[in-house]
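Going by the order they are written in, the chains are A, B, C, D and E; count residues from 1 in each one.
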Amino acid sequence: MADHLLQVDDLTVKFGGLTAVNRFDISVQRGTIHALIGPNGAGKSTTFNCISRFYQPTTGRILLDGADVTNMPASTMARLGVARTFQNLELFGELTVFENVMIGAHVHAGGTWRNALSARPAGVVEHVEHLLERTGLTPYRNTSARNLDFGHQKLLELARALAIRPRLLLLDEPAAGLRNREIAALDALLTDLCRREGITILLVEHVMQLVMAISDRVTVLNFGTKIAEGTPEEVRNDPSVIEAYLGQEMAHA
Amino acid sequence: MRDKTAAVLPRSEADLPGLSARSSVPLGRVALLALAVATLALLPFAVTGYVLYIANLLLVFVVLCLGLHLVIGESGQFALAHAAFYGIGIYTSGLAGNAFGWPFPLSMLLAGLVAGAVGVVIGAVALRMRDIYLALATFAFGEAMQWVFLNWDQVTGGPNGLRISPARLGAFEILSDRQAYPVVVVMTVLMLLLTILISRSRLGRSFRAVRESEVAAMAMGIPVRRAKITAFGLSAFFAGVAGSMFATFSTYIHPDSLGFQTTILVLTMIVVGGLGSIAGAVGGAIVFGLISEFLRQTPSYQEIIYGLILIGFMMYAPRGLFAFIRDKVGGGTRG
Amino acid sequence: MTLDVAFLFLQQGIASGLIVGSVYALLALAIVVIFKTSEVPNFSQGEMVMAAGYIALYLLVFQSLPLWIVMPATILAAFAGAALFRRLILNQVARANGSPVNLVIATLGLSYVLRGFVRQTGFGDTPRSFPPVVEPESILIGQASVTTLDLVILATAIVVMAAFFWMFKYTKTGRAMRAVGMNPKAARLVGVDLTRIHMIVWGLSGGISAVAALLISPKVLMTADMGSIVTLGFAAAIVGGFTSLPGAVVGGFLIGIIENLVGLFITSRAIVLAPFLAIMLVLVIRPQGLFGGRVEIKKV
Amino acid sequence: MPDLLELTGVSASYGRIQALSEVSLRVPEGRVVALLGSNGAGKTTTLNTISRLVPVTSGSIRFDGKPIESWASHQVVEGGVVQVPEGREVFQDMSVCENLEMGAYRRKDAAAIRADFERVLNYFPKLRERLQQRAGTLSGGEQQMLLLGRALMARPRLLLLDEPSLGLSPVLVQQIFGIIDRLNKDGLTILLVEQNAAVALTCSSYAYILENGEMALQGASDQLRRDDSVRRTYLGH
Amino acid sequence: MTSKTTQVWLGAAVLAASLVHASSASAQEPGLTDKTIKIGMFSPLSGANMAYGFDVVNAAKMYYDKVNKEGGVHGRTIELVVEDDRCNANDLVSAVKKLVEQDQVFMLNGGSCSAAAVAAKDYVVRSKIPWVMLNASADGALYPPTDYIFGAYSISQYAVGGSVVDFGKQHLKAKKIGYINHDDAYGAWNLEAAQATAKELGVDLAVESINPNITDVTAPLIKLRAANPDMIAITTYAKPAALIIKKAHELGITKPIVLAVTGTANVSQLVDNVGSKDALKNFYVQDVLADVPGGSKIKWVYDMYKENYPDLASKPDHPQAYMPYGIAPAMSVVKALKDAGPNPTREKVAEALRTQKFDSGVMAGPIEFGPNDRAAQESTIYLKFDGNQQTLVPGSFQSRWKYKG
């Protein structure tokens, strides 16, 4: 139990009459990279948004390190060490790259007025600079986020999430729209974050090249239901998975 | 509103004079700042009390604009009750002086705090709404407050207006615009510094984060609702202080000048100056205030000219005066 | 207050409220139709009413044209003026920077220009009115006293609203307007010319403003500042939900009745306050207004 | 066979972000051409440049030999290029019937419209049952059918289909693609954007694969179906 | 860097300028030369309230012109500096300050908006500048009396409200009066006097206060009808007044209606706006001019206007209704300057004003100030008006309100 940083029990989400997620379970082990995959519209993002507390599940329970967070407001999750990125990029567009990451570091500036009013709280700036360095964004430090190219915007979201110093990093399609070269870099970065810094990562992803390369464990959703779970190798060869992705015909090609 | 206001806002930090994160501060900017300081310092020696009255009024509007900038420019909340908080500030400090003979620094603080407190309460209710509904709710509150000013005779003097006794500090009494000017300037500079401080701080960043993307702000651990209410309250605090500044050199207040027109005037100033930048708020107040005063000399056409200026700005300089000048003069040197 | 008096007040309040309310409803309709299709609260709506009123006054009183020419001419002029403003001015503003606040300030600019212009003509000082369509004769409905003119106003407003709803529901252009309001992208994909629709919407809003002007000027008298009456239209629109056309109509009648009841049962001083209290109350209790649409969850 | 649609070196951008660079593709008359790629690759943007919702920064778009890159969106529809957008872009608060009528917005031939109305209802009998229902209350599959029907009401020569299988169950996907097949057989040219590679490659004759706004791969569909790189794109093999 | 030298240069210039400035100011009375005397005027010349001031200023101007043509005052021609005060407190104060400090006028003759004019009170008193108002009643600036501020040349609002009640009691024998006023400063002042007068005369008042922008007057009138008064007094502006008279007729109220001077701006337009002469069967208007507008006693004013402003006179609505009100204040200024002698000072002029008394021939009563009284004109006359004819009601009627300082 204790080695599961995140545990989701019996999660069901209904929008109106539509059941987007149906009695879904997942356990994410501490210090691993866990991927949640599935075809478009399978309910991955809905699940993801429940875990990051942006949607309220209809029923079910979400445990973080054993503590029930099912009813926590989304803004508290950051303080509990849960960081997330967004599928369709939610950057602070008009703000500079530096400011974007600084906002990520907010939870660490403490709650005092002095800290609130201080432009450069001690220690935080160094950490931010470090993250910029690490994601290769230092040259764009003073550029507005919306003026970055897509790949850099993705990296910026990641850097911003890392500024929270998360225990659990929730990534919503981090590789979508990236070039191969960029995906390789992301691969290295995520592996490094998990293996060297022990950050647990749960990612929703379509780019299988990345999923298969870095995940310790993969859970497959289709039509709101879990259809498979296992190592990348197991999942890749699971007929129901192949069918879900390529369709019946190609599965047998 | 489908188009987010955010999309019109210029880069904020780099726009503050002298605040650019780059180490080399442009010389032109230093010169401009020096010129501004020199003008403010030397003005009383050069001009008549009339000009100082205008200067005082403009500076009050600068502080009003800074306040509205905090809530609209920084945190992207369309609040339209600024005149009401301004009025609360004027009446509070006026009454503190009239009835209790408080020294003016104290009544200024009180004015800001009372306005800020009302702002927090109203904000807590109004900020459940967004966009047009927030704008309309605050508009309605502003109108209701003007009615209160007009009908709460015992406190505000109602339609007779309120005579404000001279601001005092010990034996010293402010009896002219010349005497009030240093106080007004110091307060303006203080409020400007406070704005810059807020804007550069964690607090300001959280405002802008909320403005740019509420969901991302939430994901970053920013309590969005509290941030909005704080911005709203601060904005009201600024308006209250602006009101108390007005009370140092003005001897009279009437509810007529505390209506929606005033709110719209302040909004126009920050939009014309350039929404989202402190320089825009300050510049908009001064430029637009001066335009308004100059227009007084051309009575018959002034409404038409005023309207045409607004339309012209929105058609050809939509990002405000400063962005316009920068584009025309700078020739797109920014990357 | 005795029960008799209270009952009389109630009847009169509702009767008078329905009559002025019908005009507020028209104004609210003019505001909402623009807001629905372009999300701009038109701050020059009041001045559009005012300008239309003065066009009618000029034609009727100073050019001595007959009413049957003046009415369509006024409505047409208002239609054309509003449509042109949208096409020539707002299009450029939207192109330069489509932010709503910029559009709003441009409409504010128009309101100053129109007011200044009317004052410039010299007509704007004395409150004026032009001859009413029918001689006002008093009639009692129950114990409530109304006039024939009141009934004509109410009837005309209802007919105009019905025509408007019919157009919105059953004509091709009306349907295109609704489509633009619901989903501008989908509307473009089926071939709706947004520029043209926006022009027509503004034109219609101008036309309704003209009708409102023709109806109310015998009742509230014209000055260059009569545009402030549109505040009540705004209040009606907000109470109704700001994006709902039926809401605007119901809101208009409600505001009219509330105004009168507050005046009768509380104090005349609070008449002007009543609409704002109604706005605040509605927004606090039901932020999207009585008929406003669902608040959508932002997709992340 | 002549090309009904031809894109040559089309680039487009959102603000400063380049969304498409130098995209070229051809859709021969009477064929179904598929445009594939992962999320964010620029497929929808490509359709939107053709529908003139997104401005083209360089390159040319020719429809039936005529350059259309400077047309307005309503002119493109009138010209016969109609897009079926991704997602649920129906007119939510209109009835199904009104939605269909909106499809014929640019047409004036009342009799032909009525005939097409019948034709569409024959394609989608489900819609006939729900003619007076509010479109927003339809299920996902029904909305997708409504979108198709609405587009058909414009009497298109070229249909731009954006992810018609999105979020639909396999049965529904099959149904939709069955209809697409029928439409094509009835002579309609289709440019199909899909993530579901298998179905897309089954029903198309030729396919393009976009990656990061650039054309990465193209070829006859049955060839691509056997291509390992396609498999890799979708399964990471 | 050049900006530094620029600053030094600027600083020096500024200092020099201020010195020159200071020396010229202390030489003699400001605004006064051997040949000229400078007077500052201000009034709303634009915007919503220009009807209250634009032509009033023009009237005063033409009177000053006439004086100048006749040789001026003690050989000095009167020079005018005119500012727009937009009828708004902040702008009015900035106009006054500009006139006094920038233009260095000798004295002030301005103000058409009462609430706004009060804003300049303290400044004028502190600066010890004689200020003769135009048509502002501005009782808030007149009470408590000061040494420098003189106003209510058309009439004091206190007199307006009080005299209406007096008229109701004396002439119409009313025991209960329905009284409609505004919820603004005007309304507050006239109501105070009306209540004082009613109390003294033993009359009941049923009061309805309305906003000047009211669009539907049904509610207040229904309430008044329910109170069953013997007459209705209206002290509102022209627009609400017309609405009320019309609505009263529609509601079948046949009791006498008395309209105070605030609403009588344009009686022929009033008839148009009310729409039916039947509504005016039992209708009286209060007036403060010596004659009906355009009547023989004040015809010269209208003739003079046509002669001086032919372009304006050809526009609709001109001269504006309040135009003649500009004459009496100008007369008062000229008379005070004459009385102050060939070497006038501000103090001497203020002195002269404090005891001034003359008959303008334009206003209903004499212009008269006293030891505790800075309101020039307190007389009203009443005319019965049937829509065509105005018939003078004999006698004059007074407010019983007295300032208790």
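Here, a contact is a pair of C-beta atoms (placed from the backbone, for glycine too) under 8 Å apart; a residue touches a chain by one contact, two chains touch by 3 or more.
Given the structure is predicted, the values throughout are model-derived calculations rather than measurements.
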Would you kindly count the fewest steps from subunit B to subunit C, each step being a jump to a chain that touches the current one?
-> 1
Looking at CA centres, what chain is most distant from subunit B?
-> D
Between chain pairs C-D and C-E, which one is joined by a greater number of C-beta pairs in contact?
-> C-E
Calculate how many whole Å lie between the centre of subunit A and the centre of subunit B, each centre taken as the average of the chain's C-alpha atoms.
-> 41
Approximately how many whole Å separate the CA-defined centres of subunit B and subunit E?
-> 35
Would you kindly tell me how far, in whole Å, the mean C-alpha position of subunit C lies from that of subunit A?
-> 50
Using CA atom averages as chain centres, what separation in Å is found between subunit B and subunit D?
-> 51
Two or more other chains are touched by the subunit B residues 7, 151, 215, 300, 302-303
Residue ranges of subunit C touching at least 2 other chains are 115, 119, 269, 272, 300
When you check subunit E against every other chain, which residues touch at least two of them?
-> 46-47, 50, 183
In the complex, subunit E touches subunit B at residues 1, 3, 7, 10-11, 14-15, 17-18, 21, 45-47, 50, 83-84, 86, 88-91, 93-95, 97-98, 100-102, 115-116, 118-119, 121-123, 126, 140, 182-189
In the complex with subunit C, residue positions of subunit D that touch it | 51, 53, 72-74, 76-78, 82-83, 85, 89-94, 98, 101-103, 105-106, 150-151, 154
Quick one: which bits of subunit B touch subunit A in the complex? Just the residue numbers, please.
-> 6-7, 9-14, 21-22, 197-198, 200-203, 205-206, 208-209, 212-213, 215-224, 276
Would you tell me which residues of subunit C are touching subunit D in their complex?
-> 172, 175-176, 178-179, 182-183, 185-193
What residues of subunit C sit close enough to touch subunit B in their complex?
-> 35, 39, 41, 89, 92-93, 96-103, 105-106, 108-117, 119-120, 231, 234-235, 238, 242, 269-270, 272-273, 276-277, 279-280, 283-284, 287-289, 298, 300
